[in-house]
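Next come two complexes, and both contain subunit A; in the first it sits with subunit B, in the second with subunit C.
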Partner chain A sequence: MSQKVTVRKFDAVIVGAGGAGLRAAIQLSEAGLKTAVLTKVFPTRSHTVAAQGGVAASLGNSEEDHWHWHMYDTVKGSDWLGDQDAIEFMCRKANECVIELEHYGMPFDRLDNGRIYQRPFGGHMSNFGEKPVRRSCAAADRTGHAMLHAMYQRNVRASTQFFVEWMALDLIRDAEGEVLGVTAMEMETGEIYAFHARATIFATGGAGRIYYSSTNAFINTGDGVGMAARAGIPLEDMEFWQFHPTGVAGAGVLITEGVRGEGGILRNSNGERFMERYAPNAKDLASRDVVSRAMVTEINEGRGCGPNKDFVLLDITHLPPETIMKRLPGIHEIAVQFAGVDALKEPIPVVPTCHYQMGGIPTNYHGQVVVPGKRSQNEIVPGFYAAGECACASVHGANRLGTNSLLDLLVFGKSAGETAVEELKKSPKAHKELPADAFERSLARLDRLNTQKDGANVHETQLAMRRTMQKHAGVFRFNDLLKEGVQKILEVQQDVQRTEIKDKSQVFNTARIEALELDNLIEVAVATMVSAEARKESRGAHVRDDAPDTPEHPNGRDDANWLKHTLWYKEGNRLDYKSVNLRPLTVETIALKKRAY
Partner chain B sequence: MEKEQQRIRTERLRWHSRRALLENDLVLQRFWQNQPEVLEEKQAALLERLLEMEDHDLWELLSGRRDADDPAVQGLVELLRQPAVQ
Partner chain C sequence: MTTRTLQFKIYRYDPDQDQKPYMQDIAVEVDSTDRKLLDALVKLKAVDDSIAFRRSCREGVCGSDALNINGRNGLACLTDLGSFPDGKPIVLRPLPGLPIIRDLIVDMTQFFKQYHSIKPYLINNDPPPERERLQSPEDREELDGLYECILCACCSTSCPSFWWNPDKFVGPAGLLAAYRFIADTRDQATNERLDNLEDPYRLFRCHTIMNCVDVCPKGLNPTKAIGKIKDMMVKRAI
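Our next item is the complex of A and B:
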């Protein structure tokens, strides 16, 4: 069965309507370009809504601050894996982007003098790491939500055309490698379209759903990352994922660090307060990575709880009920809803939980997708841009600082849009012809799914993937587990290639959408496992048991061999590497040193 | 025909249960596991109203921090709030 494909022409097509997609769209539509935004869900239902902490900008509204200090913090936070040109660009652009947002109507919290109120946030310091600085701009605890609303309204004003409840399927590239748009499915009809565009921008967010325990909403299936991989674009630094120590086991919902701050204690299956062994002074209040590693060690050594011994317990039963209800509102309800326990009487099952994807589609700081070529390691893929969590500019390197994610999507969403506008002005108005096989990959995938017999169950296969990732490439990594994990995830990949859906209907077929999403997730999962197995050092969020802290390799980091970006190619499941750009745009290099706080 | 319309309406609601916040996703996922393949009309109408809400507001209802103004909607919220069985 081969479906009809309707072609629609736009100057630009953007996939994803979270923060990065909406910001890029403003740039294009306000320049008078005909811009389509495809999105699986209504724009203000994007996962950017979940971002609460704020957006970093060195406005200096409450105390002295400077973009150069912000840059230093970001490079250090990245464990020196971030590209210093992109980081300088982002930190310098921060103020402009935040002020613009204010002009779009974003209701930032304010000081009495009317300026934007700023609060401190982990890792953000003044004067090159000296003391905490107030740099985060927020709108109560709904920063991401307010940001999306402000930018959506601005897009409506600029006549951006939204295609809501459309799922992009594949990138269209011609023989020269130029990107000419995407294929997509309209969920309401199941019909297939091609969006033929002179600029294609991916802003599809992260793929945190590859892990069993993830804070990410169900929509975060790495669609853009998967599409890019299938189209021959390498994925950069996919071994780096940020984890939070305490997500509710089996659900992923975050239990705030405040719970341990109020006296919550982590216990293993023997009821032991195990953090006393790992961090005798700080105990349960040790830093996120230390706590996460201790939890994984307890589980791996057989002291986990539950029938599968795969979680530990967060105990607040010794705290007065009034303290819990007053100081930790919401925690009681989260425990009831997602763990089925009354936290006043029973401990809460928790595991380290995936939160943010540092790697992604490789771009430069202009938002252009770049790949190694004959002339350089960063050759531009004509017509293709990416921004936000799906992209790797790389500003977060091996570890992201809080409040830099909202900044990333503003700065690079704008930058990708701006660059696309400039490129479109330079290039001829006519669309380059679509290649004869433009829709082939998508139609073959759909045909396969519609005709598969005796195939694999989508939910079971997805669960196998998520469990494999959690066990073999979690927050704390072991050589044997990683090696075994590579084999296991490749086996899961075989099942993904033969998934079967019973419901073949055309209209809002959620089962089909989930099977197509799994095609994207598995690319991310394989890239992550293979990249993580290969990197034989510890750096930022990638922490290996066999690369410990030694005087020669502080924190297990091995700059002589591993100060480089990983590139994973789907074709041949192979790895390549490229150097980190240590040269900023205007200032001196922030020199390598041990990352310590 | 009417039955087909109601089936499509149900499928649309199933997709609209994909939310911006994981908390809402999980509560709605649990709800769908205990529903017939096609929702009855009254239930569908209430769910439509609930799913039109912004995600933070929806979570305020689902986490019991606030009640819905309409008792009928609140009835559905109570059903959604029935916690996981260990």
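Our next item is the complex of A and C:
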């Protein structure tokens, strides 16, 4: 099949209209640049909408706070794998970005003095790790919804041009490696277009759907990460996945850490507040990786709840009902809908659930994509930017703090947008010519899918992938399971290359979309498993049985050999490494030490 | 694991293949881990990959999977499978009153056009202060029940006034959004917003039938918000 490809020219194309994409779009539209925003779903349906607990900023509205403390917490949370220049940049920009949102109209909750309401959150402390601090700026427990709508609304005001229900297929790169746009499919008609642009910004979100049990939406299929990998861009630190401590048992739906911020407590089958044993200082507000491992340990040691002893309980029955209904109304609703409990009266059954991708497309703190080259380990890929969960700046390192994801997408969405505006103003107005093979990869994928006979079933193949990831690269990791996992995921990859769909319609063909999404998911899954198998230490969310806590290697961390970022290349399924930037922009390095809460 | 078989009657139409729409009878086996209608739809799609519907968050916040379920608008992801009586097929149709693209997927252009028509963004022409604009908790509370809208269109597509005049009547979702900005102490465009709605159709086609309140999956009350706008119009006139 030789499909017609229509070329459209823009100054910039943004792929994804969640928080990062919308924030970048504001920057470009308000600068008067001709910008196309492609999105698989109507912008307010993007997964930022599901974020609950808040966005971090050291506004200090309730008590003293400082961006430097926030920076310290983020570096410590990252288990020192985060780049300290990017972390300083993010924490310093936080106040400005949150205040801008307020000016856009975001309905933050308020304190009596009219300022933005802030609540405590896991791992956020005052005075370099002393005690929990109120840093999370919240709109009840619907912060992501309020934020996403406010940013969409600001884009309506700026007359941003959206292409709603368009799926980007592949990155267009020329022989010099410069990025010149993307190919995309209009879902309603099945027609293929190329968006020829002088700047391409990926804001495609995460890929939590590689796991069987995930808080993520169906659309979180790592499209940008997959496209980048196919175009030869390495993926950074893909072994690090956050398991959120409190997904509703069985359903996977997220229960915000804000519940614990408001005073909620985790209990085992003895009714014990077990976090006191694992994190005597921060207790239930320790970092997410720490809490998730404590929960799994409780379950593994027989202190889980329910008939199968396979979950623990999140208890808020001691909180005043007014607080719950005022600050956590969405959680009350979710508990009724998905756990069948009235959280005012009964605890909520919860289990650690895959939530967030710490790794992604490597960028600097300007939002520019960087890859190792002849001159340095961070050479800029001309014309290519990434921000939000699909990108790795890297601010989250081996473990992200709650509320830092909404901050990440604001700061780096804006930063990528600003950098693109500057670069576009500097560079010549003319578009560089598209290479002759610009559409080849996409057309070959579509052609293969349309003509595949006796192929693999898409639904079963994605289930096999998700089960493999869940079993072989979960909260705790085991050397033998990882080794076996690599073999298994490569077998699943073979099936992904021969998926077959029955539906061949051109009109809104969701079977085709799911098959194309699986092409992206599998890149993420393979990158994760291969990177995880290779990292022979425990750090942050990556904890393995053969790297235990010893006096020589506290928490199993091995800085001498493994204080470095992983880079996975699709071609040859190859790994490389680059050093962590321990040098902040203006302050002193936050020195390595053992992580304890 | 206990399983049961659910019978469906599903509206099908693919303009690429079908001369006209038809209702498809199809059954699917669900087990005790399948709680919601969306879980069953995902299983159905594994059996017949040509069934087209929108879905994303599966927890009632993204607003993608609004359908007409046994004659009533709702979200598939918040509809309990246990709520369906045994032995009777579950009838699924696209949201009423909007053009159909394919199967359960409607063209929402008109719905969003109305939402955009009310200028759904904060208008404040003062230079932005260095810090946040202050708002008391009481003033902020005025936005509760308004800002939580997920734009699923369950309300507008259950409203007879919107069916008749989707091009002229803003509809409950758009009007709820209009009042969300009118009620915001930080917004300075109340008069302009009221002017924008002062015509025989845009606001006043609401005849308080209250279908919108009945179906809103977030428990919001567009009729109440519309009533408040009407009150402000009257007060402004005298």
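Please note the rule applied: the second predicted complex is superposed on the first by the 491 of 597 C-alpha atoms of A that agree within 3 Å, B and C clash if a C-alpha of one lies under 4 Å from a C-alpha of the other, contacts with A are read in each partner's own complex, and residues count from 1 in each chain.
Assume a contact is a pair of C-beta atoms (placed from the backbone, for glycine too) under 8 Å apart; a residue touches a chain by one contact, two chains touch by 3 or more.
Quick caveat: nothing in here was measured; it's all calculated off a predicted structure.
Once chain A of one complex is fitted onto chain A of the other, the partner contacts of A:Asn509 extend to both subunit B and subunit C. When the shared chain is aligned, no partner comes close enough to touch A:Val492: not subunit B, not subunit C. Using the contact criterion defined above for the overlaid structures, shared-chain residue A:Phe218 touches subunit B and also reaches subunit C. Legend: residue contacts after superposition of the two complexes on their common chain; A:Val41 is shown touching both subunit B and subunit C.
Of the two partner chains placed by the overlay, neither subunit B nor subunit C lies in contact with A:Leu235. Contact with subunit C, but none with subunit B, is seen for A:Ile116 once the two complexes are overlaid on the shared chain. When the two structures are aligned on the shared chain, A:Val336 is found in touch with subunit B, with no touch to subunit C. When both complexes are overlaid on chain A, the residue A:Val253 reaches subunit B and subunit C alike. Judged by the touch definition given at the top, the superposed model places A:His145 against both subunit B and subunit C.
The interface of subunit A with subunit B overlaps its interface with subunit C at residues 41, 44-47, 49-50, 142, 145, 188, 217-219, 251, 253, 330, 333-334, 337-338, 505, 507-510. On the subunit B side of its complex with subunit A, the touching residues are 8, 11-12, 14-15, 18-23, 25-27, 29, 54-56, 62-65, 81, 83-86.
Subunit C meets subunit A in the complex at residues 14-17, 33, 35, 45-46, 48-50, 52-64, 78, 101-103, 105, 108, 112, 116, 119-122, 124, 128, 130-137, 139-140, 143, 147-148, 150-151, 181, 184, 186-187. Across the complex, subunit A meets subunit C through its residues 41-42, 44-47, 49-50, 99, 102-105, 107-116, 139, 142, 145-146, 149-150, 153-154, 156-157, 188, 217-219, 250-251, 253-254, 330, 333-334, 337-338, 458-460, 501-503, 505-511, 514. The residues of subunit A lying in touch with subunit B in their complex are 40-41, 44-50, 142, 145, 165, 187-188, 214-219, 251-253, 329-330, 333-334, 336-341, 505, 507-510, 513.
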